[in-house]
Amino acid sequence: MPILEFLDYAGVAVFAATGALAASRKHLDIIGYVFFAAVTGIGGGTLRDLVLGATPVFWIRNPLYIVVCGCVGLIVFFFARRLESRYRLLVWLDAVGLSAYCVMGAGKGLAATGSPIVALVTGMLTATFGGILRDLLAGEPSVLMRPEIYVTAAMAGATVFTALSYFGAPLLAASACGVLCAFCVRGGALKYGWTLPTGDPRPPRKPDDVL
Amino acid sequence: MPILEFLDYAGVAVFAATGALAASRKHLDIIGYVFFAAVTGIGGGTLRDLVLGATPVFWIRNPLYIVVCGCVGLIVFFFARRLESRYRLLVWLDAVGLSAYCVMGAGKGLAATGSPIVALVTGMLTATFGGILRDLLAGEPSVLMRPEIYVTAAMAGATVFTALSYFGAPLLAASACGVLCAFCVRGGALKYGWTLPTGDPRPPRKPDDVL
Amino acid sequence: MPILEFLDYAGVAVFAATGALAASRKHLDIIGYVFFAAVTGIGGGTLRDLVLGATPVFWIRNPLYIVVCGCVGLIVFFFARRLESRYRLLVWLDAVGLSAYCVMGAGKGLAATGSPIVALVTGMLTATFGGILRDLLAGEPSVLMRPEIYVTAAMAGATVFTALSYFGAPLLAASACGVLCAFCVRGGALKYGWTLPTGDPRPPRKPDDVL
């Protein structure tokens, strides 16, 4: 599946760049850049492989992914000043990573189980877990908490890919449509601030609340 | 093992409700509700299956668990206002979830390994990890940090179930006693504020401390 | 591999002590001490076994590790007041744990895959993930964020061990050199405040930033 493999490398590299940027913002040293690049780049795919039972996980079967993360971490370390002026570019690259990874994750889940529901979940997980880990480890507010559409874009892309694949569309076409859909949803949210309506708002947890 | 299966669905549904409620408090959108419902509902069982090597994990072998989480997330999204006035009910349902899951986790651990020590640990993990994940991802103080008894209730239920099973009690009786014990301990902590004595208190970590 | 096994128990016990100390600082009860001792002590090795596909993980195959964590938690609970006056000792024991675990993790990764890159990653992961989990769950700033060298020491030890092993050095010699190297780097950082230069500093993430 060369198309899925390409999406995998693209997702890893782009997410690794966002992880290294988080390290940059936290004033870490060069190993910190590489560490965050690796955790963000391979975190989502690692969780996907673990729950599917596809172990050893992908970057142990093929350490080239680790090398990609390491190189991205080094590049960001040495050229972060340049990248800073390209902040918007990076935001959009993150949208590309999300789009690539939700299709990639759904594809692996569908191939492993044949279940469209599982494909949706692994697609969403793979696309979002790297960024969640990055924010958790860096001690920043999680991307999950943003009002702006994020998880939803991953879900949209995974849904389109899975539905098309399930009904027999060729892999390349289904992948392209899924990636495009996720990117349009996330891109629209970035450009126009799209949000979904929230439910009945509730006050934040009080210190003496239990749950 | 129909009794353990029932406990599993009960635990998933109740924890999913607490996750969706956390999403509600954070003013998330509908996908956020479903996401938190799923993470909280299946998080503990996922970790249990991973460490036991029972992969693919349970919700991939049986996606009905995902459907349950999704439905619970939707229900809470549309009826959160009603649920808010039932806050105490929900607190008590969380105690039910904890009670169901500590026995469920211990049962799976015991069946997989025969070791009572492993059963205790998988029981405690399964019952608490979903709530820990929920709090971590929502950026709220972890339930682990509450002075009130929480982990201890899970341990008590897992201990009773494991001891009875180990000495040959029928599954149904051991499960009922374990669930009841965990629920009484957690319920007592909720109703009467039970705590265990803390150790020698120490000052919080200073910024220049290393550990 | 008795040397690797010894390093494993040493790493588990020492990290468990740091976890119990974190519980002590958070004024938790006795179960909280045991919980944090277990999570910190076995967290790194658990992730290592999961990604390598070596499931059930080590403490399920051999519950003695759990017993060690439990005993360490109890000891710290009852003798925390004494330990407090031995704070520097504990900091240095943590350095011992890091040193033991980076070699242990690299050894397992190398044995399982033959790939030096994988060995480096599993060495670093095993040595650092327990402490990361401890800080995440306790709600404290992650050890990753400290300016002082930490991950780098684990990487140095794993690199030395892996390189020596890869080029045919006996296991005992490679292990000793790796442990010594990691300990010297971490010890130097503790004693002299060694740091690596940071990259171009960037301002912290603004609330309206996306990544």
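In order of appearance the chains are A, B and C, and numbering begins at 1 in each one.
We take it that a contact is a pair of C-beta atoms (placed from the backbone, for glycine too) under 8 Å apart; a residue touches a chain by one contact, two chains touch by 3 or more.
Just so you know, these numbers come straight off a predicted model, no measurement behind them.
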item	value
Same or different contact residues where chain C meets its copy chain B, judged by the half mark	different
Angular offset of chain A relative to chain B [C-alpha, multiple of 5 degrees]	120
Chain centre separation (chain B, chain C; CA means) in Å	27
Residue list for chain A, restricted to those that touch at least two other chains	50, 55, 136
Sites on chain C touched by chain A in the complex	50-53, 55, 109, 112-113, 115, 117-118, 121, 124, 132, 136, 141-142, 144-145, 147, 149, 151-152, 155, 195-205, 210-211
Contact footprint of chain B on chain C as seen in their complex	18, 21-33, 35, 38, 46, 50, 55-57, 59-60, 63, 66-67, 76-78, 80-81, 84, 90-91, 94, 136-140, 143, 146, 148, 190
